[in-house]
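Which chain is which? They are A, B, C, D and E, in the order written, and residues in each are numbered from 1.
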Amino acid sequence: MKPLLEVRDLRTTFAGNPATRAVDGVNFTLDVGETLAIVGESGCGKTVTALSILGLIDEPGRIEPESVVEFGGVNLLTLEARELRRIRGAEIAMVFQEPATSLNPVLTVETQITETLRAHRTISRTAARARATDLLELVRIPQAAERLGAYPHELSGGMQQRVMIAIALSCEPKVLIADEPTTALDVTVQAQILELLAELQGRLGMAMLLISHDLGVVAGLADRIAVMYGGQIIEQASAAAIFERPMHPYTEALLKAVPRLDRPVTRLSAIAGSVPNAATWPDGCRFHPRCPHAWDRCRTSHPELTPTAAGDVRCWLTDEPHRRVR
Amino acid sequence: MSRTLRLVWQDRRARVGLALVVLFALLAAFASVVASHDPTAQLDLVGKQYQPPSLAHPFGTDFYSRDLLSRVLHGARISLSIAVLSVAVSIVLGTAVGLAAGLAGGLVDQVLMRGVDGALAMPRLFLVLVVVALWEDIGVVGLVLILGLTSWFDTSRIVRAEVLSVKSRQFIAAARAVGLGLRGIVGRHLLPNIAGPIIVMATLGIGQMILLEAGLSYLGVGVRPPTPSWGQIIADGQQVLRTAPWVALFPGLAIVVTVLAFSLLGDGVRRALDPRSQ
Amino acid sequence: MPRICAALIAGVLATACVAERIAPCPDDWCGTAVIATPAEADVLFPPSTQGDIGRSIIDLVFTRLADLGPDLNTVDPTSFEPRLASSWTREDSLTIVFSLNPSARWHDGAPVTAEDVAFTYEVYRDSLVGSPARPRVLQIAGVDVRDPHTVAFRFPRAYLEQLFDAVYHMWILPKHLLGAVPRGELVSHPFGRNPIGAGPYRFVRWRAGESVELVADSAYFLARPGLRRVIWRSTGGDMSAAITQLFSGSVDVLTYLPPEAVQRTETSDEIRAIAYQPSTFYSYLLFNFRDPADPTRPHPLFADRALRRALAVAVDRAAAVRAVDGADGIVADGPVSPAMWIYGAEYERLPYDAARGRRELTQLGWRDSDGDGVLDRYGRRLSFSIIVPETSAQRRRFAQIIQEQFKSLGVEMRITELDFNTFLQRAETGRFDVFYGSYGGDPSPASISEVWTRDAIGGFNFGSYVNPDVDHAVRTALDARDIETARGRWTDAVSLINGDAPAIWISCTVPKAGVHRRFENVSIRGDNLTATLPLWRVPTARRLPRDRYDN
Amino acid sequence: MNGQPLLAVDRLSKTFRSGGGLFGRARTIRAVHEVSFAIARGESLGLVGESGSGKTTLGRLILRLLTANSGTVHFDGTDVLTADRRTLRALRRRMQIVFQDSAGSLNPRMTIGSAVREPMTVHRLARRSELDTRVRTLFGEVGLDPILVDRYPHELSGGQRQRVGIARALSVEPKFVVLDEPVSALDVSVQAQVLNLLADLRERRSLTYLFIAHDLAVVRHLADRVAVMYFGKLVEIAPTPRLFAAPTHPYTTTLLAAIPVPDPRRARQRSMAGEPVGRSAGPDPAPAEPQPGSQPADACPFYPRCPHPAKDERCRREVPLLREIGVGRLVACHYADPSAPDRPPA
Amino acid sequence: MHRFVAARLLQAVAIVFLVGTLTFLLLQLAPGDPLSSTSSSLLVPRTVVEQQRRAFGLDRPILEQYVRYLGNLARGDFGYSYREHRPAWHAIRDRLPNTLLLAAAALVVTFGLGIGLGVAQGLRAGSRVDDVLSLVSLTVYSTPVFWLGIVLLLLFGETLRWLPVSGATDPVVYDQLSLLAQAWDRIRHLTLPAVTLGAIGAAATARFQRAAMLDVIRQDFIRTARAKGLAERTVVLRHALRNALLPVITLFGLAFPLLLGGTVLVETVFAWPGMGKLTVDAIHGRDYFVVTGAAVLAAVMVVLGNLLADILYRVLDPRTREAA
């Protein structure tokens, strides 16, 4: 069966001096009802990947012409603006990181929900209003009818994010892209939102692309996980495999660096150096300056994402496993 | 700061502005060398009244048979000095008041800012006009002082806002935490971080001041003759716009180009300081 | 959007049509004059009105007992023209009796009576009203009502200009409208902005800051005015804007044309320049005889008669006048204006002789010892300042030219342009070296006594000039009973003044107004733009649309 | 170590006024309300709370970067809040702070070398000739390449900037450092570096820490004891292992339960097991500003969200006070179980 | 909201009082007085002047005059115009409507043109059109307002003769016209001064609006709007413009003093019978109470403008509304 959404060779660059290749050849697929998590640290290109899918890259950014985002057999990147708009919000919806800034401060919750409905469906004002109330109830906002008249600043951060989710769900999309949906929220709220997302996805049967920097956040939700580093996917596998047997040294180090409640207090194993800059990706393997296993080959030649039994990995260690330092 | 300068220089429009400003400043500074005539010399009252532009007098001559090119060049000196000096006065005052209000806060802030509100409620031209028109023979120094003393209100407001914003930033708290005193915080941390907006205000303010001085001269209360300021030359040419348009044309163009240059430069500096506003 | 455009265009066309619908003027009595003025009238209450504009309006709305003839002769009784008074007789050397025209009516229909004349006299002499004409009116001892149409003026002494003083300074006011108003409130009474007179034109409206409109009084008891309407339109102080409007045809008359614009009329099909004949003005650089820093002491420079004379002869006034006033410029030759009947008499004048001036300065010990280009003597530089009113373009120009002339002589004259009020205040308090004055309006030589005598100190003798011989000559001239004696005394006085050089007289050039060529029978009397305006008319063939508007 | 604590905070309160001018009406917000605790020499106290709980304000109050409304702070026996200028200056040599926002806490117009040098100049800690050496030494100590001294903050990465902040705080050789969310803005890989660095420094220099964080997992690595703040008040203080093993206050429980575990099996297990992940139908935690009038002043602040089975009318009418329920354990809940076993950490 | 308005009104009264006092003192401290020379010639003898000075109380101490003036002002009496020989309020009243008309028309030009241009530029930032428009607006912004007026006057008034160049009405025909034609006459007279006065403001507004638009267009919620699949028109008009107008509203408050200052020059160029010209004439003529009255009224207009801007801001920006 063909996947619901397929991203092939996605490259997004930003003009400037020097130009930056924020996303540099990303491939993945998303099946119906599946949750794929893209995980990575700041500047790895995960958000730009999400935005590129719906062509939401602004000047001076540019999606390279050979990139393909196939949805329902159509390459979204070659669609006319009007046709693309029919997909946005209706077939593929998005939830963003900062609900406080992602909602228009001068419009009421009702306007912001119903305008999506009215943009994609032929629906009367009253019906749209009723549907908006239903949606607010769906995302568990108490006194939904009253909240319709509220402005975003009158809601707490968690409520705002629920409104964002309600907007995203208004046209029952096939794909929900959630870009760091809980990063700006407190932990207790984060837990609620994550639970809500999980529940809604199950109920509505939509596929979800979950983007996060936090392995803990995706652990409970994702079926598959893609780890990004330096604008590329460096490892992709089922959630269980990633957490149990990380293949890429970066994934491995990342898991060790997270302080965890479920493990005894030990010294954290840090990754040396700092996150690379999109303007100046290192030559060879992009992780090599921070990699404890790196040897000459890593410095000079760039590894490809290679399928293995457990998943795909972009590392020369798959060729020469003996090089792994113990 | 050097980064800012580099950014300003990379901005094409700011570069044009800067070049023009420097050019006018040089012309003003060396007016007596560049100009072929004494700006007040009446060359030939009967034979050379209102000569249209020619090789001998590229900008023509005026009623008194004076060489207009020389007058415009010397006018640059007067107009620019008045503008620069009065802006200096207003910036110093505005910064002082803005700092005081922003740092002290509370009642001091309230009183100062309500006073500034009051002053801003009075059209600036009106305020200057009352003072300049009524006081006899105030001279260039007086004019500079009056222009400066009546134009610092905006500056003080903006400086106050900047102070409040910088004051709340963590590096100020950090400086306090390491035991730095008020003077050190203002001098080392606050001022360097609000210098940018102040420079922008000063640059744009010079242009506006040139316009204000010209407006006053047009109303007959600016610089008094025979001292040639641009506004005053225009006011002179005002009488003969139809028959000898060049008298008012060239100083007018000089004003437009100069103010434009300062605006381009000011905008450039602003862009350099705030890359978001590209 | 297109619908809105269409509606807009339709509306514009409709209104344009309305605007062009002109009512024919009744009786073929047409003509509208739009007069451009730089400023606005102050008030239209004759005893208080001071500006030229206000005076030009009240001269049409109100009327005097009699008026001067076109030559402005103030001493020849035959040159006076009847107005409200149809005739007058001299009963004795101290009394003149006027017979009022019985058909004279106020614009509200009430007849003009002798009571009105007596009332007017009382108003003008009342200190609560504070009329500028009051000192002149005080020359009259009293006004007696003989009968409703006869009124007698009594004088305390016999002198030549009794008739002039009796008729010229007062426009007759309606007692039946103003008699009950307390004197102190007359000036601010609404009448001053809505006047009712007995003159050739009725007041219609005053749009503040914009225009004053008069319409001819069809019941005027003398000859019917030639133009139906007169409108004063304020064009602001911007001379070039006013000139633009004149030449673009939106106004008919501009009260003053600078020489550049006069030149332009020569090639214009629409506008011509009409001179104010004869001129009642002269301008002068007045020396201060007192030290501005300490008025009890003489002025360090100008107390010296020889220095004043040296400076006076050194100024090439002819060249300056030519440059400023154009080819028609007239150099003033003493404290007299061309309108005065003594103008051009055989009084002494100082010649122009720059070499002589230079020589005299050297003889007085002024040398440039430090080579700074300015003469000096005993460590004092020959440097002084002149105060000039910024409102007068003409005086500003003269000052700058004379400054350059002095400069070539080694004399430094700094120009201080002042706001008019400040200028006047500095003059009144003697805080100046040189004052650039202008005197005018009054065609009588009696005005000399108001500036150049000891009695005028504290008045208009700002420079504190005193010469007992001048005072004596002026006194005898004022008291003279025949024209020849008076002329002789005035000539003596002017000669003495000229010899002392208390001032450098500059220009008494005849000013010119710009007037549309369609008006016929146009002349302008030196003392008032509108004195002869009732005679102007527009020939049928040359009427413009605005001439046909009825009111 | 003598018996006296290094830092003693007693009934410290801070109210903010917002809005209002000469004529307007001001609103007041209680940010910190009657907070008392002490930190022993060499101890590291973790202070945990969600946004708006007042934890950052509390940190600033202790250093007198903000003026408290009431209460006292004693540092090594010296009253901080009433100290005169000289004493305060001397205190600031011994108490330092590292901020969360490493970009904002460094003057963008100053090189990082001068930023580290400045405190030493202010306190005249070194001769001019020695300054450079000392800056380099400090750089080395916090793991910064001394080559970077002449760089500006914007030229560095977040982790490097945070090291500069630490170097600056250490430059005056303090005894006590407030760490105000020092790693929350950092990437995971860098966060671990900085946490390790802070642990090393504490050991090497025998520092006392007040470690402020919103992330309990992070606190666990660096704190001997943990204090939990909610709504301007302390709701629980306990030694770290015991707090994690057996939280007593329902808020602490909620907080612990909400922390995502980077392990798919456990994560699923937890949500299946119906642990109190926070009722998704329940309202969000109170916003940063208490809504005036939305809550009676004499109620337990956690009452509206409290999942405790025993919660009742008393919680609505009576504010629970912090009370001792075990050795070194204090809790502000009417129904916290004092007999909860002190289990060793899992 | 009521409380807010009340507080602001109180503040406004204080500001107006401040301006009145400042003007009064400035005028009193200046040399000369209204009667030292009410005329353009030297005809009034000094004894007469002294007498009138006493009659008007100008010989009294400044403080006494000030207190009396305040007392009168509180009763709505603006004092006496020495030049027009009538209550100063009447002199002002006759000109006020003209200035309000001019200011209103100029405001329409300022904000209509300015916002339109600014939005257009903001949406095409960096394009050639944007560059050219930026330069044009900057040039207009750098032009002395009176100079611009003169240029327009020469071009449209004299050379092309399309529009009248002086006054607010055509005094020759105005009173004979139908109401509609009178309105048309007024519009024709209003055009040049309003465009002159408005053009400078429009240039400033366009620059401001462009920046505001650029700022908003980068915001997250614009990305949200696009991600919802809204039409570009909706994104720009409903989402971007409504937010980008907010900073411009502040400009609306600031525009008033600028505008009133500009009226002084523009009214002089076009002989517009308004307060600006009255004020200049009154300053030169030492017509104290007219100057003070005009200053007080100008201040009233400015504070009302600010108040209006603030209220507008509160209406348009829900964030600034008081929490219910």
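Odds and ends about this structure:
Keep in mind that, in the parts below, a contact is a pair of C-beta atoms (placed from the backbone, for glycine too) under 8 Å apart; a residue touches a chain by one contact, two chains touch by 3 or more.
The structure presented is a predicted model; accordingly, all values stated were derived computationally and were not measured.
Within the contact network of the assembly, the step distance from chain B to chain D comes to 1.
Both chain C and chain E are touched by B. The chain with its C-alpha centre at the largest distance from the centre of chain D is C. Centre-to-centre separation of chain A and chain C, using mean CA positions: 89 Å.
Distance between chain A and chain D, defined via averaged C-alpha coordinates, is recorded as 31 Å.
We define each chain's centre as the mean of its Cα atoms; on that basis chain A and chain E are separated by 53 Å.
Between the Cα centres of chain B and chain C there is a gap of 43 Å.
The set of chain E residues touching two or more other chains comprises 11, 31-32, 126, 150, 154, 158, 218, 268, 284, 286, 323.
Residue positions 237-238, 240, 244, 247, 391, 419, 422 of chain C each touch two or more of the other chains. Within the complex, the chain D residues that touch chain B are 21-22, 60, 63, 65, 88-89, 92-93, 96-97, 99, 101, 104-110, 118-119, 122-123, 152, 165, 168-169, 171-172. Put simply, chain E touches chain C in their complex at residues 31-32, 36-46, 48-49, 51-52, 55, 80, 83-87, 91, 94-95, 98, 150, 153-154, 157-158, 161, 164-169, 171-173, 175-178, 180-181, 183-185, 267-271, 273-274, 277-278, 281, 284-286. By the touch criterion given at the top, residues 41-42, 140, 142, 156-159, 186-192, 194-196, 198-199, 213-217, 219-220, 222, 239-240, 243, 253-255, 257-262, 264-265, 267-272, 274-275, 290 of chain A touch chain D in their complex.
Interface residues of chain B facing chain E in the complex, by the touch rule stated above, are 114-115, 117-126, 129-131, 133-136, 207, 211, 214-215, 218-219, 231, 234, 238, 241-242, 248, 252, 255-257, 259-260, 263-264, 267, 276-278. Across the complex, chain D meets chain A through its residues 50-51, 157-160, 187-193, 195-196, 199, 214-218, 220-221, 244, 254-268, 270-271, 277-287, 345-346.
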